[in-house]
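To start, the structure under review is shown below, and the notes come after it.
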Amino acid sequence: MKRILARNAPGYLFLSPWLLGFFLLALGPILASLYLSFTRYDMVSDPRWIGWGNYEYMFTRDRRFWKALEVTFTYVAFAVPLRLAFALAVAMLLDKGLKTIGLYRAIFYLPSLLGASIAIAILWRELFSATGVVNQMLALVGIEGTDWITNPKTSIYTLVMLAVWQFGSPMLIFLAGLRGIPKDLYEAAEIDGTPRWRRFTRITLPLLAPVIFFNLVLQTIDAFKTFSSAFIISNGTGAPADSLLFFTVYLFNEAFKFFRMGYASALAWVLLIIIGVFTALAFLSSKYWVHYDNDRD
Amino acid sequence: MTKLTRRTLLGTMGVAAAATALPRLPAMAADRTIRHFWWGNPNRDKRTFDVIAAFQKKHPDIEVSGETIGWGDYWTKMATQTAGRNMADLVQMDYRYLFEYTRRGALKPLDEYIGKTLMIEDFDQGPISGGKVDGQLYALNIGSNSQVVTYNTRLIKEAGVEFDPINWTHEDFARVCEAVTKASGGKIKGCDDLSVYIEDAEAWIRQRGNEFYDADGNVSATVDDMSTYWQHWADLRAKEIIVGKERTLTLDEALAERGIIKGDAAMSAIWSNQVVGTQALMQDEVGAAMLPHLKDGKPGQFIKPSMFMSLSRDAKDVDAAIAYMNDWVNDPEITAILGLERGIPCSAKVREALAPNLSPVEQLTMTYFNAIQDKVAPLPLPAPKGAGEVRDSFRRTASEVILGNMSAADAATMFIEDAQSIVERAR
Amino acid sequence: MTTTATDLEKAMAFDEAARVAHELRVKQDQRNRRARYLKHLFLILVSVVMLYPLFWLVASSLKPETQIFGSLSLWPEEFHFDNYTRGWNALPISFTVFYMNSAIVTLLSVVGNLISCSFAAYAFARLQFTGRTIWFALMMMTLMIPYHVVLIPQYVQFLKLGWVDTYLPLVVPKFLASDAFFIFLMVQFFRQLPRELDEAAMIDGCSPFKIYWAIILPLSLPAMGTAAIFSLIWVWEDFLAPLIYLNDIKSYTVPLALRLFLDQEGESAYGQMFAMSVLSLVPVVIFFVAFQKLIVRGIATSGMK
């Protein structure tokens, strides 16, 4: 008994702030939303229990639910890999002893500071409009552009571009990770004449794996939950023709615009399960490609 | 270095902790408190806080706490407070949300106070009745408005086209669009594409002698009503005399996105209380016209309350709240501070008192408002629950027509079905 | 003789080798220089793309209201600084107050985040205890739930505590490690540190707290710096929680105040809003430039190990 206590005490002591927060602040609302997902709840009157009704409607009769899934999955499939690749590439460029590194780092982070503000929405619409800067640039190389944002076939890619353009946070995390790789490893490899590509695959990737894993998981979760950018650029509606109907935008409108908090909660739990499955897969796969220093021997 | 930062940090923490931990002390003088929550902008916020100050001077025993945020965030916060049973005593209401909140029981009726503490009997009854739901008054009209087709006077003059802004028809409208487009060599179009606005479609339906919703809250607009409307706009679009799809499809409420302000159209449809805001974003002078009429048709456009003040179900000191409400629409000092910013007041007395001090744009609004009085139809019947969602569905379907994915007729069939199923689901 | 011959040959071969090596080095230097130029060129190009919106924002903030939307030109015809001077006092409460409020909330939150999240991360990454995996999974779950559906239950909860219209709902959760992002971030970095360090310290009789304080934290400065930067920026820019929990305009934070400028349906003060948006970035940028040194300092520490 005493031994169990002694073994567990430090862990639980350090975890206690989080445990307190989890039980006192986080758990209640999460369970409440689970309960509400089985009710009809308009936020004004009391919730009314309807069993699986919301879920049934979602899967059998709600066309926009499937549309929202399609939009969100497309976004995740493009935005996550592109953003991560770009962030990693730039982080590696910046990592190698440029004197002006601080300046570049600050500049590259600026777009992320602007976040998803109204200013960005206005700007993005101007940039990608039929006569916007993007099309002017494309015209220089002889490509005729379209009205990127209002064309339902292309609008989602302007949001992918926005995500890539705001690559600041994964870049910073990659940079911090690269700092943790001992420089002498590279020096030794260089003396041995290891080619650059092999240095990347043999040293950088394995040692950066925990950070890559973190960014992958977090960026995927974030991408599934993307809200602000889609909301402001589509004026909160998912327009044009529902091509920007991200899952959370749909959910928000169901809850706060159409007074269906119960249904929105059900949507949220479906999204939670989807994200949960992807995260679990990532964690399972990590056994094969993420090795921590302390597991090495 | 580290020591210093740590000490300064701890110092700041101590001060801040003390500041946050302090409970909010109610002001000593007032023993009654009411909360007033509205959506606004810098101008409106300044005016409203001035009103609160003026009111408190007259009623030192009542403290009014003013709470404000922009339109987009207002409804999220309102829903949250409603769910938490912590609504402000007095909330600003919009026509679109009135029925949603009232029918769900979030507001208290005002009828019992009329003539006793709420003196609104001599007000224009038409605009006042806009706050009635199922026979009871749930919302006090604090300003009226109506649709306006604002036009850029310079562009119209340059196009050398003339029209009667009050009595023009859809044919006149097309003629003006054509003239403007031609005069500018196609760079500037006649008007925004109004096929995405349900309010303008509703005027069209009423000009044809029908209504959008019937008394039972069913969709009574017909497929023919809708397909003629969308076809009308499809024809204008085909002639390229209204703004193109690249501008229309994400166009929503934001005033700044309208063609007249962007400068790529001579006309845009807005509400009359937005004329002042439109002028503020433009260099050229604006004019105001009615929605075009249907030749030999019925009046379609209507005057509606632009903003309401409502008593919430969570209001505790109802008497104090009603006193504030009453001063809001009657007190000369307070109504003078408010001006026309929230819309045209329903009290003839107040309007008279305001008249001498209006700015040129306000003057334009007032003149327009007086001119349309006998050209408008009565207010439509209250919309059923789900009307907000029908509005979204309307915009989506209209977008399909604009994109060329659907004919006006197919879209009309789909929309009418969709709208009916939405109101049924919301019941 | 033979020896001298071989010596000579050796010497000649050595010279030859040196010459070839020298040529190689020169070539490599040239290549390196060219690579460096290319790298700079690429980075500058990217910088232009990155900075364009900021230029646009600043330019818009200097234009009079009537020119922001009508004209497409980036350069204002004339510079209007009164968007800044008037914007600062455009609302019933001056921006000085909003900045103070934001500063208080942000400082407390960053401190709370760093302390509580590093505690939890240390437990997850370095300590053994029963239920670790389950707690970790639950923590990850709090990251995944769409926050809009927990908004109302959370509000009701804080209302019952009597915390609405104070800063407590914004700050207290931060001291209770509510943001799992930072826990997970720190876990990933802590796990990379060599385990022998803890073991050696343990044998020397160090307590877990001592290990956390004297070994883990100092070795994780890049991670802590990153967490500090993110946490500051996110809290500084957060507007949803202040929107829901703050009623009194005197207690509004900067992002919430920025929302007061826009009325989609009526008059909006875009120029002033842009001007104040630009100003609101200043503290964050300063903090960023100051704190990124911490990430750089990571080189020295990782060199040590």
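Each chain gets a letter, A, B and C, in the order it is written, and its residues are counted from 1.
To be clear about the criterion, a residue touches a chain if its C-beta (ideal position, glycine included) is under 8 Å from a C-beta of that chain, and two chains touch if they have at least 3 such contacts.
Everything quoted here is computed from the prediction, not taken from an experiment.
Undergrad: Using the stated contact rule, I'd like to know whether B-C or A-C comes out ahead in C-beta pair count.
TA: A-C
Undergrad: If you average all the Cα positions, which chain's own average lands nearest?
TA: When every chain is reduced to its C-alpha mean, the one closest to the whole-protein mean is A.
Undergrad: On a C-alpha centroid basis, what's the spacing between chain A and chain B, in Å?
TA: Once rounded, the distance between the two centres reads 36 Å.
Undergrad: Quick check: how many Å separate the C-alpha centres of chain B and chain C?
TA: 40
Undergrad: Averaging over Cα atoms per chain, report the distance between chain A and chain C in Å.
TA: Distance between chain centres, rounded to whole Å: 16 Å.
Undergrad: Quick check on chain B: which residues sit in contact with 2+ other chains?
TA: Answer for chain B, listing residues that touch two or more other chains: 72, 76, 79-80, 83, 252-254, 256.
Undergrad: Please list all residues of chain A that touch 2 or more other chains.
TA: Where chain A meets two or more other chains at a single residue, that happens at 43, 255-256, 261.
Undergrad: At least two other chains touched by the same residue of chain C: list those residues.
TA: 152, 262
Undergrad: For the complex, give me every residue of chain B touching chain C.
TA: The touching residues are 9, 12-13, 16-17, 19-21, 23-24, 35, 37, 39-46, 49, 65-73, 76-77, 79-81, 83-84, 86, 88, 252-256, 261-263, 271, 273-274, 276-277, 280-283.
Undergrad: Write out the stretch or stretches of chain C touching chain A in their complex.
TA: Counting only chain C, the residues touching chain A are 36, 39-40, 42-43, 46-47, 49-54, 56-57, 60, 72, 115-116, 119-120, 122-124, 127-130, 132, 135, 138-146, 148-150, 152-154, 157, 172-173, 175-178, 181, 183-185, 188-189, 191-195, 208, 212, 222-223, 225-226, 229-230, 233, 237, 258, 262, 273-274, 277, 281, 284-285, 288-289, 292, 295-296, 298-299, 302-303, 305.
Undergrad: Give every residue of chain C touching chain B within the complex, in rising order.
TA: Result: residues 65-71, 90-92, 104, 107-108, 111, 151-152, 155-156, 159, 164-168, 171, 243-244, 247-249, 256, 259-270, 272 of chain C touch chain B.
Undergrad: Spell out the residues on chain B that touch chain A in their complex, using ranges where they run on.
TA: 72, 75-76, 79-80, 82-83, 100-101, 104-106, 244-254, 256, 385-386, 388-389, 392, 395-396, 399-400, 403, 405, 426
Undergrad: Which of the residues in chain A come into contact with chain B in the complex?
TA: 42-45, 122, 125, 129-130, 147, 149-152, 233-237, 239-242, 253, 255-259, 261
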